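Both complexes below contain chain A, partnered by chain B and then by chain C.
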Partner chain A sequence: MTRFLVLARRFGPYRAFSDALSMHPGLRYGLVAVLPVLWIVVANIAPLARMVLISFYESFPLPPGETPTLTLAQYQAFFERPLYLTAFARTFIFAALATALTLFVIFPIAYYISKVVPRDKRLRLLLLAIAPFWISEIIRSFAWILMLANRGAVNSFLMWMGLTGRPVELLYNNISLTIGVLYLTSLYMLLPLYAALEKIDDRLIEAASDLGALRFTILRRIIMPLSREGIITGCVLVFLLVTGLYALPQLLGGPSNTLFASIVGQVFSRAGDSWPLGSAFSVILMGVSLAFVAIFMALFQSRRTRA
Partner chain B sequence: MKTLGRLTLPVYFWLFVAYLFLPLLVMAAVGFRDSNFVAFPIQAWTTRWYQSVVFERDIMSSIWVSVKVALGATALSLIIGIPMAFFVAGLRGFRRAAMIAVIMLPAFLPVIVAAISLRMFIGVLGLQTGIGAIIFGHAVSTIPFVVVMILTRLGAMSPNLADAARDLGADEFIVFLRVTLPFLMPAIFGGAVFSMLLSFEDFVRSFFLGGFEPTFPVLLFSKLRFGFDPGLAAISTMVLVASIVIGLYAERFSRRRQLGNSSKIVALDQR
Partner chain C sequence: MTTTRRRILKGMGATTAGVLAAPYLIRTAFAQSKELNVWSYSGFITDDFKGKFEADTGITVNIRPVTDQGEQFNLMVAENGNHSADIVCCAGHRFYQFVDKDLLAPIDLGKLKNWNRIDDSIANAKWVSRRDQVWGVPIVLVSTGLLYNKDATSSPPESWDVMFDEANVGKTTYQIQDFYQIAMNYLGFDGSAASYMDDPQKAQEAVDKTRDFLIQHKDKVRRYYDAATEIQQMFVNGDVDFAQAGSGPAAQIIQEGFSAGYTIPKEGGLAYAYGFNITNGAKNPDNAYLFLDALLSSPENGAAIVKSTGYSSTIKGTDDLLDDAQREALGLTPEETARLSWVDVETAPFIYDLIDKAAEEIRAA
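Right, the complex of A and B next:
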């Protein structure tokens, strides 16, 4: 390849072009920037802009020759049906609870891998905890269905032990939903927490413990503050993941705990002129979840500057 | 008391590992059950599910669709992601932060929002729902990760390397091919495998952007809504093992390359 490029330099126009690139970093940069800028506009910005626009339409696709009238009707529909509002509120409460639960469950795991285990074994244990996350959400939900179903592994085990005479209802309710969601979210909490905890100097912890600090004090006064960045990142990632969950709640959750993303999907795929309504719901979901994240980050970042 | 305290964390950790792996092991075991129904304990064992599922046309064709989509999305995200990393690397200060925010945006949107906005947009690009649209949708979601991985590696590269090559008479193309690209290779490889796995396991985007040919997760989802049999457990197990093996291999490879390469580069730098 190099030989070919060296040969190509005998060819005048090519040499002029490549010399121009060497001489003018600006030209080089401009050429490199074309494709990325185009992509950012087409893939990252335009679809969202179009979605926001469609959410103000009365119907879509428009009848030919008609100019679109902008309306707030789609947004009103959201506030008129209690079904939508309760699912919406439930989603955000559930997301907040799931985020807190994930933090509580994963923090000791991240602490154990990054602070207790000897350095050369850390990566192996981390990989062990990460490996299941290369698998599809659907396959993982399926695995939990097999665990929790009435004739599934857990119930069979309980009945074999004689702990229960007939199957316990584990599937299609909040239990199965929570177990499944935790299974999805742990990675997004584990990696930022691990990265943050790993950076903490062990000597700080030793010093505190030499000075007689209790374990809880060390946790509260040293480890928590120094890993704040990781905690914030993890919580934000998990929260956004849960608010957008679509498939897992349909497989593991019951009819009474539908999350808002499923409703958005249903509304959007419904026959008829449902794109504007689906768009409006998406805009609401996106706006509120990003607002939550912004408030959350503002709260905790300001605390850091005070300290 | 002290030993008890010392034991709590390891025990808790291994319980967590059991929580992660037990369902997967149960699923693998169900695939060996000699019956048309799923129940426990498994008394009669058979390998027929693992054998026969390979001949089920709809499952195999959905896996083939998934593979095509994953390869296409990976290629596209490298073609766009590599220049995008260079583009961001050339920015400073506020512009850089703002550009990174815009690039990362698709990774932070609720997945359903991303899928729906793309579904309504593909018509503008002249795409129909189908493999092409899914590839586009997956690339949108994987490019942020590719860019971040390459950008991190790019930040570790000394500008002296490229300058030295230029002083020795290399033109820009040779510098890119012989100096920059080899240095970035671990990050590119890591980003590629990450994109591939992310694309292969995606459900929501494939579901909304797909046409009549479902990807494997979409097919599995629609089958699971009507029930399940040991055959589904068998094929899921096989896909799962393949994903984990590829993921672990890629992780190892890119880490080894990274260590090897950077030490060499450091040695070169100091000379």
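Right, the complex of A and C next:
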């Protein structure tokens, strides 16, 4: 490598470029940053910016050569039709409840893996816990359909046990949707929680216990505050994931728990000039989701500052 | 212009590059002439037919599955005139949208010598053309009726009442847009909207009242389906007993031995066709005509499509090749057939624009 660089310095342009980099640290940083920045702009910001722009168009796609007319009509449509607001509010309530439930269910699992299981077996157990995520979301949803259908495994078992004479409706309602969402989001809660809990010094917990602190006190005064970063990260990830869910509610949800992302999907699927409306709905969904997260983070930040 | 050594060298360089690139260019052009790109629903092009066509013509047929008309429309619009498909598959009640956006090319009947093999009542039907031109080749016929679980009812239902009956809470399913016109007819409105063409306000009122009615009876619905296979899944899993369904999936589930029946209730059902359409500016139009002509050439192709989709074929003579079970599953009584109304292509844009918005609101409610 060194030999190559020595050889390369014999070429004037390379030498000039190399010297310029040595003399200007800003140029070095810029060179390092250019690829990731380019990636973020091209892959993330540009499509979003395009979508925001389309949301202000009166009509899209446009015939070649036609200038777009800008309008706020698509945003007005959202507020003029109250049924859209119903699905919108339902989405955020469901996302908040699903996030809280995921935290409630996954926290003990993360704690068990990171603190109770012997250190040499933690990785194996963590891999086992995330194994279902090697399979696609769609296939896992279909697995739940087979489990929860009227003639599915759960109902067959309940009827075989004599606990019910007729199938219990477990599918295409809030039960199936919640189970599916919990199953889907658990990974995004588990990993940040595990990472945060694993960092907590075991001696702190032992010391608190030796000094007579009850288990609940240890949880409240030591474990929870020290794992706050993991809790916040997990909650933000799960909340944003649930607000944007599309495929899973389509498969496991029923007629009365349609989430707003499904409505956006339906608008985009409609043949015709529906892209501006779909884009406006997407912008509203994204904006409000990020606003919720920002408020959540601000609350957390202020609490941490006070602490 | 003076001839210099440099100019000669440049010219030689360009010539050499051209000669070297020629095999690639020729190969690419040749490959294009031997390709056909088709977007199609599952089962409309059987493996046997595809294999035989490829062997006979040397043309490779690339099939991309279609699951939804809206998705197909949006993909074509996104391609902005540079269509990757030569042939697409449009539903008879939605193809006007593709025509009005200039996504399709009119069919040159002079290039289809087997056009006369299509059932005369279909080939000459009003709904095959728009703006006095034929825009596609009808391949299968679809009726939309009531699929029911025979074990859940003492006698075959004669009315769509069962979809709104308090006894059937959580036992029904439908595709909102496809059921909407039926529900409008059920409530006494004009589902085709032909009588509302001069009165958009009246049409909007009819659509809004139907929307409110469907929302009011949302508790009867177990799930709104999108793809036909979902109906079969819900019946087999015992989740629903009554469904607004296309004749294809209904025929398939009956032939598979499930205790189900299919009828067109007294308030009526809809009928339309799925066809293959050539895209506007298709890269391989000659291959497309060759393909469509080959497809229409034999009733055996029609019978194979019936077997794989459950839908009726438009090709003459297909019925003679079906077995009794297939005929029975597809069969409707003359009374039921008379209850079907064909989608009016001219009024469809008007009414579907209203229905599509109402459907989103029903889902959201």
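Everything below uses one rule, namely that the second predicted complex is superposed on the first by the 263 of 307 C-alpha atoms of A that agree within 3 Å, B and C clash if a C-alpha of one lies under 4 Å from a C-alpha of the other, contacts with A are read in each partner's own complex, and residues count from 1 in each chain.
Here, a residue touches a chain if its C-beta (ideal position, glycine included) is under 8 Å from a C-beta of that chain, and two chains touch if they have at least 3 such contacts.
A quick note: this is a predicted structure, and the numbers were derived from the prediction, not measured.
Residue contacts after overlaying the shared chain place A:Tyr183 against chain B, while chain C stays out of touching range.
Chain A is touched at more residues by one of its partners, and among chain B and chain C that partner is B. When both complexes are overlaid on chain A, the residue A:Ile145 reaches chain B and chain C alike.
In the superposition on chain A, A:Leu5 contacts chain B only, with no contact to chain C.
Of the two partner chains, chain B is the only one that A:Met286 touches; chain C does not reach it. Looking at the shared chain after the overlay, A:Phe268 reaches both chain B and chain C. The interface of chain A with chain B overlaps its interface with chain C at residues 145-146, 149, 151-152, 250, 268-269, 275. The touching residues of chain B, counted against chain A in their complex, run 9-10, 12-13, 16-17, 19-24, 26-27, 30, 38-41, 79-80, 83-84, 86-88, 90, 99, 102-103, 105-106, 108-113, 115-121, 124-125, 136, 139-140, 143, 166, 171-174, 177-178, 197, 200-204, 207-208, 216-217, 220-221, 224-225, 228, 232-233, 236, 239-240, 243-244, 246-248, 251. Of all the residues in chain A, the ones that touch chain C in their complex are 61, 64, 81, 83-84, 86-87, 145-146, 149-152, 167, 169, 171-172, 250, 253-256, 258, 260, 262-263, 266-272, 274-275. For chain C in complex with chain A, the residues that touch the partner chain are 68-71, 73-74, 77-78, 80-81, 94, 97-98, 170, 218-219, 221-224, 226, 233, 236-239, 353, 356, 359-365.
Across the interface of their complex, chain B is touched by residues 1-2, 5-6, 9, 15, 18-19, 21-22, 28-29, 32-33, 35-37, 39-40, 42-48, 50-51, 54, 105, 108-109, 111-113, 116, 125, 127-129, 131-132, 134-147, 149, 151-153, 156-157, 160, 183, 186, 240-241, 243-247, 250-251, 261, 264-265, 268-269, 275, 278-279, 282, 285-286, 289-290, 293 of chain A.
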